[in-house]
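Some structures are shown below for you to check.
In what comes next, chain A is part of two complexes: it sits with chain B in the first one and with chain C in the second one.
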Partner chain A sequence: MIEIDQAKAVIEASSLCVNIKNNPILKSLNFRVKAGEIYALLGGNGAGKSTTLKTLLGFNAPSSGSVKVDGKEVLEALNHVRKKTAYLPESATLYTHLTARENVKYFLSLADIEKTDAEIDQAFDRVALQTKARDRHMQTYSKGMRQKTAIALALLREAPIFLLDEPTSGLDPVAIDEFNQLVRELASGGATILMVTHDVYGACQVADRIGLLRDGELVGEFSAPQDGQIETEEVHAAFAQRGAA
Partner chain B sequence: MSYMFKQLSREWRFMLRQKYLLVLLGCAILISGFSVQSGLNEIEQQQQTIERLTAADEADRIDAQHKHDEFGMLAYYTFHLTYSAPSDLAFAALGERDIYPWKHRIKMLAIEGQIYESDTQNAELTQAGKIDFLFVISALSPLIIILLFHDLFANERNSGRYDLLVTTAKSPWALWGARGAIRFIAIFLCLMLPFYVGAWVSGTSLAAIGLVSFYCFIYLAFWALLSVYWGRNASSAPKVASGLIGIWVLFAFITPILGDLTINKFVHSPKGGDIVFAQREAVNDAWDLPKEVTMDAFTATYPEWKDHVAMQSMFEWKWYYAFQQVGDQIAASMSQEYRDAAKKKYQLAGYASLLSPPLLLQRILTHLAETDAVAAFKYEQQVRDFHRELRLFHYPFLFAQGEFNKGELANMPSFEKFIIEQQDDRNTDSAQSTNK
Partner chain C sequence: MSENSSSTTPFAKIIIVAKDEWRYWLRSKLAISVLAIGLLLTLSSVIVTAINTMELSHTRHELQNDADQTFVDQPDRHPHRMVHYGHYAFRAPSPLSVLDPGVDAYTGNSIFLEGHRQNSAMFADQKQGTALTQLGSLTPAFIVQTLAPLLLILIGYSSVSRERESQTLTYLLSQGTSGFTLIAGKGLALMSVIGLILVPLTISALFSLHEGESVAAILGFILGYALYLTVWALLVLLFSSALSKNSESFTALALTWILLCVVMPRVASSTAITTVPAAGKLETDFAVIAELRKLGDGHNANDPAFAQIKASLLEKYNVDSIEQLPVNYRGVIAMTSEAKLTEVLNEFAEQRMQTVLAQTIVSRDFGWLSPMVAIRSLSMLTAGTSIETHHKFLREAEDLRFNFVQGLNKVHAERLTYQDDMNRNKDLDSSNKARVAAKNWQVLDDFAFAVDKPSLRLQRSAPAFLQLLAWIAVLIIAIRWVGKRLV
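On to the complex of A and B.
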């Protein structure tokens, strides 16, 4: 695992404004995610969740304010940021004409990372991808299996920061439980996790903190108590009242 | 170096797993192979024709020399083969050899009519041309490149992989650079390999192979870069392909057609048939003109024979060949106008080709292969100059009326010797100018 300074905020948006085609999408967004923390950005459709993620990945330039990952302005240190970040897209469509193993090897090679078959199998074991499916073309994979492959890829990249876009969307309850367990394991190992989601219950189950995003602005923040979960009812009420309006 | 090799090797293996790309590359090598084969066949046929005609020409001449003792009659029945041999690169770019004649059987009659006789054929029949390597590279390969490159980005965006790919790749070169480079190398090799085989069979010089490779590389790279640029921000591959095909139609068809129409509208030229007609009319009219009129016109060009034009009978061969000469003199201005217009059109087509990369490549490669209009003009002038040599050889026997010994026919100019002498003269001139 790549070492990261635990004292500072690993992900930080300060007065972040992003315009897309002259439309303001993010309006003075402020949030910080510390090392080892699981932070969920919760919001309805059009709240600015995906724009936030894309800005953190360097696809959008801030029109004002700043966005930092590992203490560095994203666009000024794009290679550094992307090297330290494992991104899990909502619909992890990998190459269907390749097997899961071939896909993982292909993407790792893109990142100039070499892993043995045994190490790849270990990652597949962690995400509970069936052994017999690993060398089958992904054309036949369910969404859950594709998601597991993408998570395995993220694990193999050994990045200290995970950016997850609607990670449990389309997964069955068992797969969601397995995923949440994995995310907690990663965080306890020091990884910083930012997930964007519209799933109130899912977010409350796994996140240490939840930021409620509405119309490009953070309108509320909830923290989990020591050794406990964020109160779903409270977040749901706030989401229904303010978030999804 | 090893990092770059790793990226290229990964993308090579990745490309080999994509069936549609392999089918496309297979089509490219098949089409290119067919065009090279077709070009080699065409050139072989032309060479066989030259060999066959050379043998027949020699036999005919010997036969005429046996049959006829009178010099004028002998000159009348003796044909002389002229031809423009294809270069060792002509198989790849047949060029204008479809349109301009590359062989003639001429005799001592007026030459302009003999040169432009074939121009009275229906030129439209030759417009379809032949599928040669140059046609495949200049007209068809852009389509293959477009099919290979149009979805480079759009396909990844459309399937939701783009962000993952970009954020995972160590650098844009590791992904797009290597992927584009491998596709380009693959299509370049598929298109060029048949050419290299054809060049080896044809004995093409390494310099010519190098130049063709260079120009084709630049041309294919232009289309690849255009395709990449056009599709860089797109998420719909069909839209990218439609736009690029529109550009291809503009460059490959609309610009050349509009250029041709414009040039023909502004540059007027007599037809070859008009020259043939004018020259033949002059020759036919001469039978009815007083002989002095013909002889005066003849000696205006050849004053050295002015003391030998008096005739002893109603028909003498010197008068016959004199009015053939005068026929050429009458058609000369029209012939010059025709050539000037052809050169002007060629020059203007050069400007038009700057707006059409396919046309520009065709122009460059046909020039290298000596199959362009310039080579045709050069051959036409060689025929004219050779015919003048023939006249200079025949006139002393016709006008001086000295003893004619058939042994002197051994000194009669032949087109092959004439071309070699011209080449030697050029080499001497260039050696002298180098020494200076």
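On to the complex of A and C.
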């Protein structure tokens, strides 16, 4: 079971500004994600979604403001933050010369974690990765299968925080449904999930809250009602109205 | 699901990355082909060069013995005919020349020694060979100096850049693996390849122990190559870490190889020739002839240049004519003339050697700009195949020449009367009288050329070691800087 304090914000950006090569990408960004919450940062191309994720991972330094993960300033507790975080890049590329099992074992050994083959198989079962595919080189994997492998790895690392970059882009509808189901399961288990996406429909389907990001600023937030979904039309209208491409 | 955490040390993580790099190479046809070709090339060149060098060494020893024996087996003759009959000095190759023939291939390995002349060394491999071998042979030194960096580039250019290109780098770093661990792991994998490349070289070097080479020289030689290849491994890591695409990394490394291994050594030679100009052969020959003319003709005892010697001899022995002297005047003149002539020849030879050495030193300074220049110097110096060793051979061969010529001149002066000498062309009987017994040909010193002591060779190669260490230090600083910014 993931141990995390549900009362506090697990991910928190306060007046966060990030410049890349002297260009302001994030301009006073403010948002908070609580434990067990699925938060979607929705925005068009160039809105600053990936920059936000990379800043949360410590790859970009804030030019001002603050960015905290698990209550700690990212750059001050980089090892802690990265240990607690499972990042899924858009293409979820793993090593193509390795099998899914070898990939998982390699990353786990670097993370100082020992798992048995049975435990690894359990994680693969949980993400519904086909048994026959597990010992096949990843060169032949679809994006969905690569994502499942990456999530299995995150489960084995028992990372309580997930940062997902365009997780459903390029997935077929069945794979999207499977993925959304998995994300909900993770959140119900206590995991905190921040996903960045430009897919309004997908975000509304899975997120508890949506933050609308435009030109490096949060221009709106939408929350799902109790036991319901965020209204797609409302978000779509705001997305279009705000001029996000 | 239970997590079993173990406390893996940073070094253990580096080994994990290195092992995965090997797994990648072994599963990649290109990498495994490159590794196999590299090992085969090194191994075959070591074997071929070892056979050639051992054969050469054996031949030279045999030729030296033959030349010695042929000289002493000559029948009764006029001693001055033996001066012109001459003798050969052969340079036995240094034990480590199996791996790096150095300047031996160009300078020649034997000298014809005769009176009144200092001949050049001859029978250089590069001059004897066919047009094809004159382009350079596939020696172990050439393979490790020139081709091994290419092998490292081929298998390592994408070591970090492919992680970036395939986005596994961000993924890896996001999970807490540091840039340092990643680069160090890739570096360790490359170092293990270097170890493999050096295995045949080390085994061959150890064989030279049987040929009398010292452990210190062998260690210095192998260490030098290990440092040189480390420089290349670091260059590969630096470019692979700093550039974002595999193609960029490969192009940059290929250009660097061309610059450091092909262009810089030639720039070094050209700069050396320009900054330390040397007189041409024709110019030098004319200058030598002009100086020698001032000394008089040693074959002509009546040359006015020897009038003073004649007077002092007559005075010394208190006689009125050279016929009354207890020694053969012609032999004394030959001795005196040879001594003066040798002094002049040595002066020019020393000037020439100093010029060549000064040029070599200028060229070696380019080791600060090219690790290839540094290892070439280091390799030849520690192997005892440098220009310094060749100069030592020239000086020792000249000593041998001077001693045997003067030994024969002494026989000429003391064992043959002036009258018999002057009448030598009168008739057959007179000619026979003007000969001395063959037992007098035992004037040859034993000639067994040996390279400089290992301590001196290592001392001479110290600047090249420093150059390679400086390269390594600078590259490590650069890689650390790049590693901190690795995303």
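Observations
The definition used in the following text is that the second predicted complex is superposed on the first by the 241 of 245 C-alpha atoms of A that agree within 3 Å, B and C clash if a C-alpha of one lies under 4 Å from a C-alpha of the other, contacts with A are read in each partner's own complex, and residues count from 1 in each chain.
Rule of thumb we're sticking to: contacts are C-beta pairs under 8 Å (C-beta built on N, C-alpha and C of every residue); 3 or more make two chains touch, one makes a residue touch a chain.
Given the structure is predicted, the values throughout are model-derived calculations rather than measurements.
Once chain A is used to superpose the two complexes, chain B occupies space that clashes with chain C. Look at A:R136: by the touch rule set out above, it reaches neither chain B nor chain C.
Once the two complexes are laid over each other on the shared chain, residue contacts for A:H236 go to neither chain B nor chain C.
By the touch criterion stated above, A:A123 is placed in contact with chain C alone, chain B being left untouched. Contact with chain C, but none with chain B, is seen for A:E158 once the two complexes are overlaid on the shared chain.
Of the two partner chains, chain B and chain C are each touched by A:F107.
Chain A is touched at more residues by one of its partners, and among chain B and chain C that partner is C. Judged by the touch definition given at the top, the superposed model places A:N79 against both chain B and chain C.
Taken together, the two structures place residues 54, 57, 59, 79, 82-83, 85, 87, 89, 91, 93-95, 97-98, 106-107, 109-112, 150, 157 of chain A in contact with chain B in one case and with chain C in the other.
Of all residues in chain A, only 54, 57-59, 79, 82-83, 85, 87, 89-95, 97-98, 106-107, 109-112, 150, 153, 157 touch chain B in the complex they form. Only residues 3, 6-7, 10, 14, 17-19, 159-161, 163-171, 174-175 of chain B touch chain A when the two sit together in their complex.
Put simply, chain C touches chain A in their complex at residues 1-8, 13, 16-17, 20, 23-24, 27-28, 166-168, 170-177, 181, 487. Residues 54, 57, 59, 79, 82-83, 85-87, 89, 91, 93-98, 106-107, 109-115, 119, 122-123, 150, 155-158 of chain A are the ones touching chain C in the complex.
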